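Have a look at this one before I ask anything.
So that you can tell them apart, the chains are marked A, B, C and D in the order they are listed, and the count of residues begins at 1 in each.
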């Protein structure tokens, strides 16, 4: 671990000039928001959905008089989920767009790479998609995250598996990325501390397509109670189907229960079919919720993007980031410093995914954003109230 | 001495060009004076080093190598691990990283001694995949996919009587990397004009024929791979300190192909060609940001078109163009004289 | 059957099935290499295009609009993918391979096809987006079981189609005039020219056949992989390894190597961990190149001094 | 005259084909030695065995009393063996001068660091090699074209360039594989003169030839092979009149004039 002081003094003194650039003194009625998302490469999975959410929120916020006469101005940049590209892009945005706040990135690698630059430039960073604990554990003052970090997801998952499901054995399945490793570690720590046993930890690259050999291996391990799974939608559909085929999980007539954290969007069940039956997972955005904020969001989303579409948690996260910025502006924020200040004082601010309260580290500490649901035989969700 | 012999003995005067390059390097961070563009300049200088290194193997020795990203990775990781886990001084760690990359290059040369053409290409590709996989799986040393964060730029240089040179500033970092790239260019330029260059080109053209002149093909290919890998490792030294973050994904095999594209697009087998290629292919994606989502489509199209219509690279296309322009001017003047 | 034997058998079946998928992708690569000593780097993207062609014809054109059953629609969509691949092959040959052919150069076509690959990948990204498509072949979710052993109907289909494709290609090369001409070109261009065979036509034909194979592979992979514009890229590097292990341009070698890699992959997952699949495959590749540089089935080409 | 190169019972086969079956020969110093035989006689294989491109399956090779067996081609060059190829193998993309300069590979005496940063020794070597290279191009009549690309030369000129390039290695024994193939009569005449000049300079010349005419005009000693085996050897005149040789040539595909 590198101390923050060291970072501050040396590593990215590169961005020294940025502070001056990004603090315009002129009275203004625009708050500029730089949005860094991956738009190219496989990670554009996040970027495309993120853009949808931001665009929708922007339309609503800027309608009419904006927020007491102030409007949000957004610029998207492709940071490609890569540390190098993200650092280049964040510098570009900082100097060409001079944002008051930057939203992004989705991938933990890239978020961790840009955080020190924004810290140096004293521009707040609002993150809604990276799970790596380190992001809010490094002592940054300008980093805020509404996404539950890996510990916040992994701990309740591990605890509930042991206490609520009575699970004693688990097989960890995760994609080999920063977030996948962090999630799996979080679960393992809690589950083993409670007395559970990890039978196997199976990681796989992001380009693995065929999961039958993995399912076969798990089937040969004997009785497995839970299978915490951390991977993206595309791979999880195939993984669940393979597990069902190998009769490991309930969906295929087995006894194992797949568990997951916030990786899968609404609509996963429809894609995976019967294989997903019995899957228990954390969702942060539940489109079946009857809260007005949620129903309004869904209606607006469908009006803009098509009646057959339901927003995913990624859409919702991006939408929420704009709501929070608007809220900060409503509370009087006019520049980077005041946005940071308003963020740090936010308590119980309602957004589509739940309520937001930033702790001293900038992490949302309100666990109301974590809902457990179980997939039923008809592929609908049942809330578990854990 | 006959005029023919005199021609053969005429030495090209190169110092004005190098002086010009020095001036350009000195001015660039002032012309492109913002942190973003200076950052791109640093990336560009690293890419120039990488393209030159690959060009030595492909352009001068005629060996298809698709594994250059592996050496780049070794340079970056060895530097960083020595720096962060063992507390080495950056400069010392850098030297160790260059040596490590060079040694691994010799290892790959063992394959080059036996394989030709695409076989060697895929073998070196396989090498790059293996390096990448080791970075991901050897977690105790490389931290695996979690990556290494908070990496410092090179420490400041304190020379007696001079103000301290700090590399936290992107302009000085650019001066450092570009200065090193220029030194490497000069040395490589000397090398390829020397009898060693004649030997490497002989291997490129025809290995059996070269052997009939006393050239030990395996040995010189090893030399070429070793030097090339060391230069790629040298470029790798500066990468982590610049980005501040080191993850294995930065060294996927795609990077090898990008380097290859730089060499081909610029003009392989020439010294300046790959430099042009590196500059063009570093700046092109940035300039194309205006195209938004269509950026990479335009990039792919441009790459294909350059290869199709400039088979000798941008350098040769430029030479043909200027020759043609001069040619038409010359004919015009003679026409006027008649 | 003991549990252990069942496990071994099951993983072998998994591996063979996976291997057949690889063979379908690698065959086209090896065919192009065999005839013209070129690598088509965009080959994997042809697979993706084939998969999307099959997806849209199976889930929209044949079923929703023409009212066919899912099964018929899917089987017909394989031919659509084949046609899409062939068309793409025709285009890429005209745009890249034909203009660059006479320069007897192995690098430029490679780079040009890298450009094509970037182009195709991103064009598909604009058209289809990055969110995985759910391509359900009616066969993928039906499982056949013999005691503890199981496999999907789709895997049976894959093996059958792979066998048919290999058989078809084989008899084409062995028994038809064009096939013989292709082999002649692959062995010696000048002689083939003397035989009065139009080399340009033959090379175009090779690329079209190889690309059609890639498209067809896409139709078969679509229902089992994660269908995004990047789907093909996930198999291309392994396909290169297979082509080399089998001996560049050698069809039998490619088939054996493909199935071998599939089986190795399944057992790597079982005994070493799925995270090291690529490591195992590529260490094997380098090992092969050391002990048998010409591939599993060596074709001796003495250098004439 | 002492033997410079001696071969004893050399054997080489490819697969099942016995290309060279127990050939022994002894090449005297300062002579022009010709190896002839009809197509498929194993002449080129013999040449490749002597030069080290192939290693023999059995037999002994002695060069100036030194064992050559196992020594790869590039090391034999350092002992003073040079060769040309039947199918011309020039560095086609390089200039004529650069082709010849590559031939000086084993003769550079420059401290290693000077290849990176040239110093006095480097430039001395540089000048010396270029002067020598131009002299060699002059020797084969190509000095005017020194800066042209080797690939652009006419066929006969390419043969001569290959000779100049091999000469640059400074051979004691120079082996030419069918040097007259494809040359017109003027070029053959020039080649003959150059071969004799080489002998004058103290180089031992081995010519593997199909063209009897050329051989009869320059060779001091002729060695005849047929189907990988020894057939006959002796002075040109003896060879010309030997019935076995005539039969081998007539029975083969020989088309050149025996009687010329």
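We adopt the following convention: a contact is a pair of C-beta atoms (placed from the backbone, for glycine too) under 8 Å apart; a residue touches a chain by one contact, two chains touch by 3 or more.
Note that the coordinates shown come from a computational prediction; the quantities given were computed from them, not determined experimentally.
Asks: What are the chains that chain C and chain D both touch?
Replies: Joint contacts, listed by label: B.
Asks: Compare the CA centroid of chain D with every other chain's and tell me the farthest one.
Replies: Greatest centre separation from chain D goes to chain A.
Asks: In terms of Cα-based centroids, which chain occupies the most central position?
Replies: Closest to the centre of all protein C-alpha atoms: chain B.
Asks: Taking the mean of the CA coordinates per chain, how far is chain A from chain B in Å?
Replies: 38
Asks: In whole angstrom, how far does the Cα centroid of chain A sit from the Cα centroid of chain C?
Replies: 36
Asks: Could you grab the centroid distance between chain A and chain D? Build each centroid from C-alpha atoms only and quote it in angstrom.
Replies: Their C-alpha centroids are separated by 74 Å.
Asks: Do you know which chain A residues sit against two or more other chains?
Replies: Answer for chain A, listing residues that touch two or more other chains: 40, 176.
Asks: Which parts of chain B, given as residue numbers and ranges, touch two or more other chains?
Replies: As it turns out, chain B has residues touching two or more other chains at 136, 208, 293, 296.
Asks: Would you please write down the residue numbers of chain D that are in contact with two or more other chains?
Replies: 53, 85 - these are the residues of chain D that touch more than one other chain.
Asks: Can you list the residues on chain C that touch chain B in the complex?
Replies: 33, 37, 39, 41, 95-96, 99-100, 103, 105-108, 110-112, 114-123, 125-126, 237, 240-241, 243-244, 248, 275-276, 278-279, 282-283, 285-286, 289-290, 293, 303, 305
Asks: Could you list, by residue number, the parts of chain B that touch chain D in their complex?
Replies: Checking each residue of chain B against chain D gives 2, 4-5, 7-9, 187, 190-191, 194-196, 198-199, 201-202, 205-206, 208-217.
Asks: Which part of chain B faces chain A closely enough to touch in the complex?
Replies: Chain B reaches chain A through residues 34-36, 39-40, 43, 84, 136, 144-147, 149-153, 166, 168-170, 173, 239, 243-247, 249-250, 286, 289, 292-293, 295-296.
Asks: Give every residue of chain D touching chain B within the complex, in rising order.
Replies: Contacts found on chain D: 51-53, 72-75, 77-78, 82-85, 89-94, 97-98, 101-106, 108, 110, 115-118, 122, 125, 127, 129-131, 133-134, 143-144, 146-147, 165-166, 168-169.
Asks: Looking at the complex, which residues from chain A come into contact with chain B?
Replies: Within the complex, chain A touches chain B at residues 2, 6-7, 10-18, 39-40, 77-78, 82-84, 87-88, 91-92, 94-96, 109, 112-113, 116, 132, 134, 138, 176-178, 180-182.
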